[in-house]
Amino acid sequence: MFDDLRDLYQEVILDHGRRPRHGSRLAAYDASAKGDNPMCGDRVQVFVRHDEGGRIAEAGFEARGCAISVASADLMAETVAGRTDDEVRELAGRFRDMARTGEAAGEDAAIERLRPLAGVHEYPSRVKCATLPWHALLAALDGKGEASSE
Amino acid sequence: MNVTTRPALLDIAAIRDEFPILRQTIRGKQLVYLDSAASAQKPRAVIAAMVQAMESQYANVHRGLHWMSERTTDAYEGTRDAVARLLNARDRREIVFTRNSTEAINLVAHSFGRSVLRPGQAVLISAMEHHSNLVPWQMLRDAHDIELRVAPVTGAGELDMAGLETLLTDGRVGLVAITHMSNVLGTCTPAERIAALAHAHGARVLFDGSQAIVHRRIDVQALDADFYVFTGHKLYGPTGIGVLWARHELLEAMPPFLGGGDMISSVTWERSTWAEVPHKFEAGTPAIIEAIGLSAAIGFVESIGYDAIAAHEARLTDHALARLSAIEGVHVLGRAQDRGGVVSFTLDRAHAHDVATLLDRQGIAVRAGHHCAEPLMRRFGVDSTARASFGVYTTHEEIDALADTLARVREFFA
Amino acid sequence: MNVTTRPALLDIAAIRDEFPILRQTIRGKQLVYLDSAASAQKPRAVIAAMVQAMESQYANVHRGLHWMSERTTDAYEGTRDAVARLLNARDRREIVFTRNSTEAINLVAHSFGRSVLRPGQAVLISAMEHHSNLVPWQMLRDAHDIELRVAPVTGAGELDMAGLETLLTDGRVGLVAITHMSNVLGTCTPAERIAALAHAHGARVLFDGSQAIVHRRIDVQALDADFYVFTGHKLYGPTGIGVLWARHELLEAMPPFLGGGDMISSVTWERSTWAEVPHKFEAGTPAIIEAIGLSAAIGFVESIGYDAIAAHEARLTDHALARLSAIEGVHVLGRAQDRGGVVSFTLDRAHAHDVATLLDRQGIAVRAGHHCAEPLMRRFGVDSTARASFGVYTTHEEIDALADTLARVREFFA
Amino acid sequence: MFDDLRDLYQEVILDHGRRPRHGSRLAAYDASAKGDNPMCGDRVQVFVRHDEGGRIAEAGFEARGCAISVASADLMAETVAGRTDDEVRELAGRFRDMARTGEAAGEDAAIERLRPLAGVHEYPSRVKCATLPWHALLAALDGKGEASSE
């Protein structure tokens, strides 16, 4: 019945949506921000801890939202570990493009890890679900307390 | 308030024929529109009335001495008569046109709230209000030292009348503003009892009829209401037009809200004087074409009759409650005795948004989210729900389609 | 913007074909509609867009995850893009939808006027404002200790720029709010110079573009405006929809005006936070169908092009001024250099209402009265005038019909 | 060209509209009220002086308005002289009906004097022009300072 939805709800998404690996507040963190989608009520808070070299040592989140937003937050947390803020900003841009168009520039491991979310581009009202955690992450890195999905 | 005894069976096929949009397919699937509580679809009569106005009888109102303007003014003012009849208002001058329920409530919050209400008084709402009947009162509270009180809602999703009364006893409440039907729980509130209680404690009472008027006959005199608001687009009418009904003497006592053309009596640099009620509350060119559409919508509803509508929707709601409750993992919010055609639910292991997306792929339109009622969501310990809501055109088969599909959604996320 | 050199001749017959209403007869006479400044007629494209929305693609916006709601939201938000392009706004988020110009100005008077403006500051308007750009400022003055200043108008019906500047020199003016084109005199005001003067004296500037945008291309960046408002129904669009454009940073700084659904970020009993600009100014279900109609109206105007429209209306206005001035006893108000397609006049020995009634009997629709500009009437020492105003569909023959009939009206009252 | 308008603009109306006999403020009066039609800007002020018997000795008005409203005010002033307030109230009711429907109850001299205004009923937006002075007169008799045409 929902065969054509398998593009959106790939196994990896259902799995991360159901059992996020990074779905909790970090015990110690140096950056954090909230993201908020007022139209549907999704909300996420992202936590980041950097290592001495300025790379992200660990990321985590608390979310209230759908499978897409939770899975996106979880895959994001997984992917950004070990990267610099600038690398993350660059990756966020490519991710946003992918969520909107289905196409992502590059074939590096990072974007491949996120590719399961590409299917969201066919569901305009769900694109924000996928991008919300990234908005929050960027706000955290920029030292802003809040982001919104607009 | 004719008490009719007719069996009230709707000819649904004929009714559906009046709604061109219901023939649409969504990605190859027949549209199953279960989002009428957000906004209802429009019957041919409404579309035709608007087209006719624009094609053969249009001009600005109240200002022209020419034929087109006279006819358009008649049609616009005719809607005021139609609404007055619909609500059983004492006087057509008690009908003020607004954009929607939200603006109507804001009008009261600004005009009544900042003049008749005095700092130190309180406004009493309930825990099941739509944001539109909450945020304007918060803004009033923050700007004018008016206390905001919230009457509790029971676990069954009904208004806690004892709780309401307790909040009235100190006599400081100047206005009780309560929904006549919850857009989340479907609960209808006992408006007559609320009005009696409010009045007994010296408070005025406003009912948010946005949902209620779609499902039942409203008689503002029988309810003994002071203010009643509704919105055209949920009553099968156009967007851009809503109604504030208020007792004439209240409108007389209230200062205008918006200033501009059509609401003045005379204007000098020093001072302006206001037009008679209701015009003093209708600044600028009104939603003329939309008012004409609203007349047609009222005609449509009256031609079917509220008894038939209510009976139809009661059957649909019973059927929906029975079918949904039978699905494992589905939880319906609220179980009020007196309810209209709105059913909110959650599904274990699946977020409401995901549920809505899967249903949508089968052409089934439901709404998911907080339904502009965040505090109520918290009251029931949920972030969001899916909501199916019904109109005159909704069929048993559509509810079956929802239930059948929902069972598959459950498997998908199992 | 694009400087075009094309001759700008309109195919009037083809344009008239787009307006079904122009084929109407009034008491056996062909309709001659010369009341477009009050409200313009609607082309097929607008009617069709609204019908199409209601027949095949309708739901509430911003709230649904289903197909109908997504498509409707796209169409509604698409109008924001269309308006941003039309005004050459920097950013689509600078477009706020209102009911009409009147509500847009009231929004600024409430939100900007009661927060950014400080008691003791002044608002500067002109002597040729429509009540909609006067009464809201009077209400602000009376409620919030804001002074109201009025820039004079010359005998020719132009803004007295020296007088305007004098009123700015003490630096207390926080906002200059001036019409971009008078609905009585047809005068277009020198908006760029006004903006430059206002800014030089530390004031913000709002233009009431209700009339101007019908006749000429508006570029809010070139004007260096801070606020610009217009109303859909005069721009060949539906009633019930208007626009406030404001600089993004101003909208950010302004508190919301109306509270309700769709304008919040989060709501608790204690506190609500607001949605991003522009949504924080759009409470409740907006005029969805009307916004879709406005898009079509903008498309219609752009397909003809402002150069062609302006050239057509300039010719019509010249013709009307020549013909009317040639009739003994007819006096035209104002003789501004820069003017649009609006001509107000009086006739000796006949009151404007009687003139309008006689013209109406010949199918000619003009407006008579104070045109929501009472102080301007007093400035010119008249109680009321008759006013003929032109649209893209107006022909030379219609103006001839007006002039010929007017000569007979004169005889009637001789 | 305007033949069908002769019903509305009868000679007597054109004449009274142009040269009202009672179009001025009374030197002495015991009742007065203003009437106002905000939509079109018509305005009238009515002045009344009663005799010792309680009958209207004289009525006058100042008006700004169209031929119809001025003629109506003038014919009204002419007609009410010599009548009691109650008679005037009764007459006002019949006049209003006539302005709205074209038909007047009765054939007495008073209503016949006003009958030239019956033609206004075919012009809905002009009915108020004819009734405005009467509204003002009733307001004056009732001791109210202002009337409106609504």
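The letters A, B, C and D name the chains in turn, as written, and every chain counts its residues from 1.
Here is the rule we use: a contact is a pair of C-beta atoms (placed from the backbone, for glycine too) under 8 Å apart; a residue touches a chain by one contact, two chains touch by 3 or more.
Source: prediction; values computed, not measured.
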> What's the overlap between the neighbours of subunit C and those of subunit D?
Replying inline: B
> Higher C-beta contact count, A-B or B-D?
Replying inline: A-B
> Between subunit A and subunit B, what is the gap in Å from one C-alpha centre to the other?
Replying inline: 38
> What is the distance in Å between the mean C-alpha positions of subunit A and subunit C?
Replying inline: 45
>> Can you compute the centre-to-centre distance for subunit A and subunit D, using the mean CA position of each chain? Integer Å is fine.
In response: 77
> Residues of subunit A that touch two or more other chains: which are they?
Replying inline: 39-40, 43, 126
> So which stretches of subunit B touch two or more other chains?
Replying inline: 63-65, 69, 262, 264, 266, 353, 357, 368-369, 374
>> Residue numbers of subunit D touching subunit C in their complex, please.
In response: 1-2, 4-5, 8-9, 14, 17-18, 39-43, 64-68, 123, 126, 129
>> List the residues on subunit B that touch subunit A in their complex, please.
In response: 349-354, 357-358, 361-362, 368-370, 374, 377, 383-384, 405, 408-409, 412-413
> Touching subunit B in the complex: which residues of subunit C?
Replying inline: 20-21, 24, 26-27, 31, 33, 35, 38-39, 41-42, 46-47, 50-51, 54-60, 63-69, 99-103, 105-106, 109, 130-132, 134-136, 138-139, 148, 150, 231, 233, 238-241, 256, 258-264, 266-269, 271-272, 283-290, 353, 356-357, 359-360, 363-369, 372, 374-375, 378
> Which part of subunit A faces subunit C closely enough to touch in the complex?
Replying inline: 36, 38-40, 43, 124-126, 148, 150
>> Under the stated contact criterion, what part of subunit C meets subunit A in this complex?
In response: 62-65, 69-70, 73-74, 262, 264-266, 275-276, 279
